[in-house]
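Chain IDs A, B, C, D and E follow the sequence of writing; residue 1 opens each chain.
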Amino acid sequence: GGVEVRDGGDGATKEASGQLKLAVVPKAVGADYWNTVKAGAECAAQRAGDVTVQWDGVTAETDVEGQVNLIQNFVTKKVDGIVYAATDSSALAPATDQALAAKIPVAMIDSGTSPQPSGVPLFATDNRASATEAAKLLAKELGPGNHDVALVEFQPGSQTNTERVDGFKAGLAQFPNLKLVGQQPSRSDVNEARRVTENILTANPNLKGIFAANEPSVLGAAQAIKAAGKSGKVVIIGWDAAPDEVAGLRSGQISALVVQNPFKMGYFGVDKMVKHLRDKAPLASADTGVTFVTKENIDSAEIKAVLEPSCANPPVQ
Amino acid sequence: MEARGIVKRFGHVEALRGADFTVRRGEVVALIGDNGAGKSTLIKTLSGVHPPDEGEILVGGRPVRFATPVDARRAGVETVYQDLAVADDLSVAANLYLGREILRSGPLGRLGLLDKRAMRQGAAAALDELGVRIPRVTTPIAMLSGGQRQCVAVARAIIWATNVVILDEPTAALGVVQTGRVLDVVRRARDAGMSVVLVSHNMPQVLEIADRVEVLRLGRRAAQLRADEVSTDDLVAAMTGSAGTDRDGR
Amino acid sequence: MEARGIVKRFGHVEALRGADFTVRRGEVVALIGDNGAGKSTLIKTLSGVHPPDEGEILVGGRPVRFATPVDARRAGVETVYQDLAVADDLSVAANLYLGREILRSGPLGRLGLLDKRAMRQGAAAALDELGVRIPRVTTPIAMLSGGQRQCVAVARAIIWATNVVILDEPTAALGVVQTGRVLDVVRRARDAGMSVVLVSHNMPQVLEIADRVEVLRLGRRAAQLRADEVSTDDLVAAMTGSAGTDRDGR
Amino acid sequence: MSTVEAPADAQRGELSDWLRERISHAVSEFTAATALVVLFVALTFASPYFLTTDNLFNIGAQTAVIAIIATAQTMVIITKGIDLSVGSVAALAGVLGAMVVRDLGFPLWAATAVAIGVGALAGLLNGLLVTAARIPPFIATLGTMSVGRGLVFIITGAVGVYGLPRSFQLLGNGEIMGIPFAVVITVLVAVGVAFLLSQTRFGQYTYAMGSNLEAARRSGIRVGRHLTGVYVLAGVLVGLGGMIAASRVNSGQPNYGISLELDVIAAAVIGGASLFGGQGRIVGTIIGAFLIALVRNGAVLLDISIHYQQVIVGVIIWAAVYFDQYRRRRLESRG
Amino acid sequence: MSTVEAPADAQRGELSDWLRERISHAVSEFTAATALVVLFVALTFASPYFLTTDNLFNIGAQTAVIAIIATAQTMVIITKGIDLSVGSVAALAGVLGAMVVRDLGFPLWAATAVAIGVGALAGLLNGLLVTAARIPPFIATLGTMSVGRGLVFIITGAVGVYGLPRSFQLLGNGEIMGIPFAVVITVLVAVGVAFLLSQTRFGQYTYAMGSNLEAARRSGIRVGRHLTGVYVLAGVLVGLGGMIAASRVNSGQPNYGISLELDVIAAAVIGGASLFGGQGRIVGTIIGAFLIALVRNGAVLLDISIHYQQVIVGVIIWAAVYFDQYRRRRLESRG
């Protein structure tokens, strides 16, 4: 959704009702997930009219300091509002404060800061709870009896990763019949995900289930299982909904996907911000919700809207 | 081969300030001068290492431009540099044939396949001629003594020269025997019709081998002398400019 | 200073096979030998660069262990190496004072603050003594001619020597004038009671300056000779082993 | 040694020289190879799953790309250069190879040719920056790394290239007589480059330039052209590697190969290459690549967490190079 | 030149030498500085937000850590070394500095001392690996990079160190008379190290070792001890930098500094340091660091996406070094 309503930015302070310039900052550029956020943000901007979205981010979710600098630079630039996803809850808190001190309103998407200042809303899903839910799904798929399971995380030390891993382990704890026999990171690289999964499979021939915690991890794990000729014999519960993940779900390689609603995050972030700037509407947090997509429900209209979001039919109710 | 009015600057140092130099076919010319007079620099312009800033070089009366050593080599100019320029990690044999490797005959050769055995044998023979004892021709150059390294560099130039051989202090590190052999080779090269340019600080050696002597001082030609008409003292005087030799020379 | 039964191996090459060597106080000893005889290697063991594999070194009759050049320097042994060992990026002055910088007086000096001006002046004076023309003492060594570099290395050793000066082919690249100056300096050092070891392939020079000559062949002492009793031909014979000299000479 | 004796002597000398050379090379790869064998045996005892055809083929296929790109890196390192751009260029090649299949319907061989062409172009750029513009290799390829990654993201819009036909997986997942195709390619590449380096004029010049560029130039080698050639050839292999990587995961990944350069340089150096040029052999590099791969494989088999894995990899890198240096000092003690 | 004339001559020579040296150095930093000024002026015109106190202080604070660590890197590069471990070590120092505050209630100065101590230890390790174990710097520090990162994760359990008091932010976000504290520290560090390198024996030895290690050894410099000293001092600065970085983000980040080494090496090389040792000055490095920072800052102000930013950074790195090389060739043409 192209939103090219920019003009040459004259630098003068704008009337709240006029042209608005918003910065939207993901944790990192370069994944399907964040592109969907971008689409949502641009959709909201287009619908609101006369809003420019400047989309910029660091290249790795681990570059916390880079993101702090980026936010600072946006404050310097005096954008009208900042919508962003914090790579680190604590580290970005001062950056948010700086923006607020400069009278630039902030809305968080996907991941907030701690402390989260009042007046700064968070539009996000609960990673922890959703990962716990994923563990339950895995247990359900595997059924009774003792099973070996493994976890492919992505970036140890990053906050989202920690939340998903903790959530998943908390979920597993409720099922004594599931034993976690391997945990390796993919560093958000499909090749790496495939490699570690292959090695986990070798070491654990009885492996029955895998939880892969983000898009590249899921794709790599699925590749490895297919290459080992174990498609269907090892249950995969994945996260996110890249096209190949959806294809894997359809073909039965992947049992279920935890799908957030990144479109909605981007949309809410911009939409609520614009309303706040123009109509002085208060900013309030909202849960954007997750959907558990399986082969059964994949073709339902509601899921379709989440999986293939478009500005014509945005999944933002 | 002739050089006219060569000027070469390094930043604000003018190493050559309009230097002239001549060597004819079948002649050994000694190029002498004080330390820092510009001899090595002049030689590097003749062999294409440093293209001159001004002035021209003529081969067989026609002006040429040596932009790279490849050009000079193609004109049959072969040089032993004072700083040797050998590849330390390569073996003695490989250094001798560097840039002129012997390839296998047949189609394999056309693919660039080396004939290592032929090169080893050729290298052993060439070094033998200079009378130098070297452990093995497969030894990397890094392991050789100073004199052995210099022998390799000299052997290398001698094998390939067809027209002009330029030797920048080739015997500085050589033993008595090896020095004698090199001088023999120089004579033979001259007799075969090649031009030889020899840089040396050893005046007796210069007078023994050279037909003519050219003296460089402060980056300019200070004198041209016939070797059989002068003494060591004349040469020293010309180099240091302490006597009038440089004024009436030419 | 004395070396006894020194053995030094490089992998499977035995460079020294039980070499002996002696130099007394106030004596100039020439160390000669064919290329690859092991002269430079012997010198490096004497100056702590290569600790020997076998054998011992004695200074003033007492055995010492030179594990590093620092040890040798502390014993007053100063060396000019054949491969010079200068730092190309540093200026002439900095090289001359390397490892022995002049520091500012007072507390600043104790913090390691350099007195650059004093070093520049000292360097200019030292080079002047050798009669070498060098653009400026702040020029990086990389820009010097071969002879100029060698002058810096020689000047460096001469400034600091207190006990033994070892010179490995110090005049190989030097002009006639500079060579003469170096020989003068060698004489003065001897007269001041220092020991001088000179490696050279220039036999007339050896006979002119040395009190004694030690000949190295294939890593062993082949002869010890008094310089005033022998001729150039004797020396050559001893080095190459072509005559009987090496048999009756010690 | 008289002239008459020379030929006979040379004959004799030749055989023993040849032998000595072989032995010295064997010794040279000895440390890394020993480490490899020790690790192999240790893993065989430590994990019942290690010594299985499946696992070994897996390791082979996993290491294929690293080994191919490390081979390219070795060539560059021998010239006293370094190529930091391998990761970006491999990603660019893989992504474009995948895009021409998806968007233009190219067959696999043509897509591979495109990937190789992309690598060659990047190599040409690196080579010209180093030779014509005389930018030091570290900086030239650092720039290419940055520019290349930027291009990958611009071209893909930062989204992976998906929706490829099954046939796209042939290079990365196919087999020939039960042996992974990627392994076969790796062997061919390694043998080919090893031959090139040790037996041909091209190889000779490569070592010569790394050992002393000025000497090579004065010897009449057209160093500009030749050095560029080395970078181009390296680029070709990087492009091929990138294509195999994409094929293995059946998609073009814009994030592929971040910090890959460190892995492949480590492989080359563990295998005996010197960053100061003139030294390095492909056998060693391949051993180095497998050494790293075995550590990683073993760590997962033994369920060692990634954190301890990093510590272990670091220690092994130190150890391998320490023993190699130690052995060389013993052998040569160059002073 | 007679001996009598010498003193007078030296006097005269000295002044002009001094002048010449100054000028030659000025010229040497000329290219990078020119680029910096051009960029500065261009940004002033291009964006109304650029030339504001706030923005300039922001840039200063953002660049502080990079500049400090690049200063450390420059020292190592001058010795012909390289330090790939800076990112890991900075992370380790920052994380431990944060942990002692959170868990042991250390005051800020003590925590800073801990961070600096961690850096010094890592530097000592690097130094000993390079000198005593004779592992080439690239490999020694590559190992430290891997081990260091592993340790960070093991110590923190892969979770950031949070819950720090506000006072922890002083180093990174505090101000002194309106000037960011981090900027003040950077200036002090840069001036101090520049003085050390150019005016003291320690600096002289550093250049000498990088220029010709063997010559330095034969000159009686205790190269082992001294080289280790350089790595330790570099480690100290890296530790300090890591602490400032942690303070800036008010937490210990286990993932801090991944691929930081490339940024700081780029800054040093843009500023004129040579990876082949013996050359490099702190002024240049600082200019290089700010050049990169300006590009990043300007890109955001001008709404250039990160992808194009990467391309632009790459091109600027090429350009800066190209012109620097070109100028040097003109000036010296060493042949």
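Methods note: a residue touches a chain if its C-beta (ideal position, glycine included) is under 8 Å from a C-beta of that chain, and two chains touch if they have at least 3 such contacts.
None of these values were measured; they are calculated from a predicted model.
J.: What chain lies farthest away from chain C once each centre is taken as the mean of the Cα atoms?
T.: Measuring from the centre of chain C, the most distant chain centre belongs to A.
J.: Relative to chain E, which chain has the most distant C-alpha mean position?
T.: Taking each chain's C-alpha mean as its centre, the farthest from chain E is B.
J.: Could you tell me the distance, in whole angstrom, between the mean C-alpha positions of chain B and chain D?
T.: Computed value for the inter-centroid distance: 41 Å.
J.: Just curious, how far off is chain D from chain A if you go by their C-alpha centres, in Å?
T.: 36
J.: Using Cα averages as centroids, what's the distance between chain B and chain C in whole Å?
T.: Chain centroid spacing, chain B to chain C, equals 28 Å.
J.: Any idea how many Å lie between the Cα centroids of chain B and chain E?
T.: That gives a centre separation of 46 Å.
J.: Would you give the residues of chain B that are in contact with at least 2 other chains, written as numbers and ranges?
T.: In chain B, the residues touching two or more other chains are 10, 49, 133, 143.
J.: Two or more other chains in contact with one residue: find those residues in chain E.
T.: Residue numbers touching two or more other chains: 153, 158, 214, 258, 306-307, 310, 332, 334-335.
J.: Going by the contact rule already set, what residues in chain A reach two or more other chains?
T.: 29, 59-60, 156
J.: For the complex, give me every residue of chain D touching chain B.
T.: Listed in rising order, the residues of chain D that touch chain B are 1-3, 6-7, 9-10, 13-14, 17, 20-21, 199-202, 204, 207-208, 210-212, 214-222, 277-279, 332, 334.
J.: Tell me, which parts of chain E touch chain A in their complex?
T.: Chain E residues touching chain A: 47-49, 52, 54-55, 58, 62, 65, 152-153, 156, 158-160, 162-164, 169, 173, 245, 248-251, 253-256, 258, 296-297, 300-301, 303, 305-307, 310.
J.: Going by the contact rule set out above, which residues of chain A touch chain D in the complex?
T.: Answer in residue numbers: 29-32, 34-35, 59-60, 156, 181-185, 188-191, 194-196, 198-200, 202-203, 205, 216, 219-220, 223, 227-228, 242-244, 247.
J.: Give every residue of chain E touching chain D within the complex, in rising order.
T.: Within the complex, chain E touches chain D at residues 84, 129, 133-136, 138-140, 142-151, 153-154, 158, 214, 258-259, 262, 265-266, 269-270, 274-275, 306-311, 313-315, 317-318, 321-322, 325-326, 329, 335.
J.: Can you list the chain C residues touching chain B in their complex?
T.: 10, 13, 33-36, 39-41, 82-83, 132-135, 143-148, 151, 169, 172-179, 201-204, 235-236, 239-240
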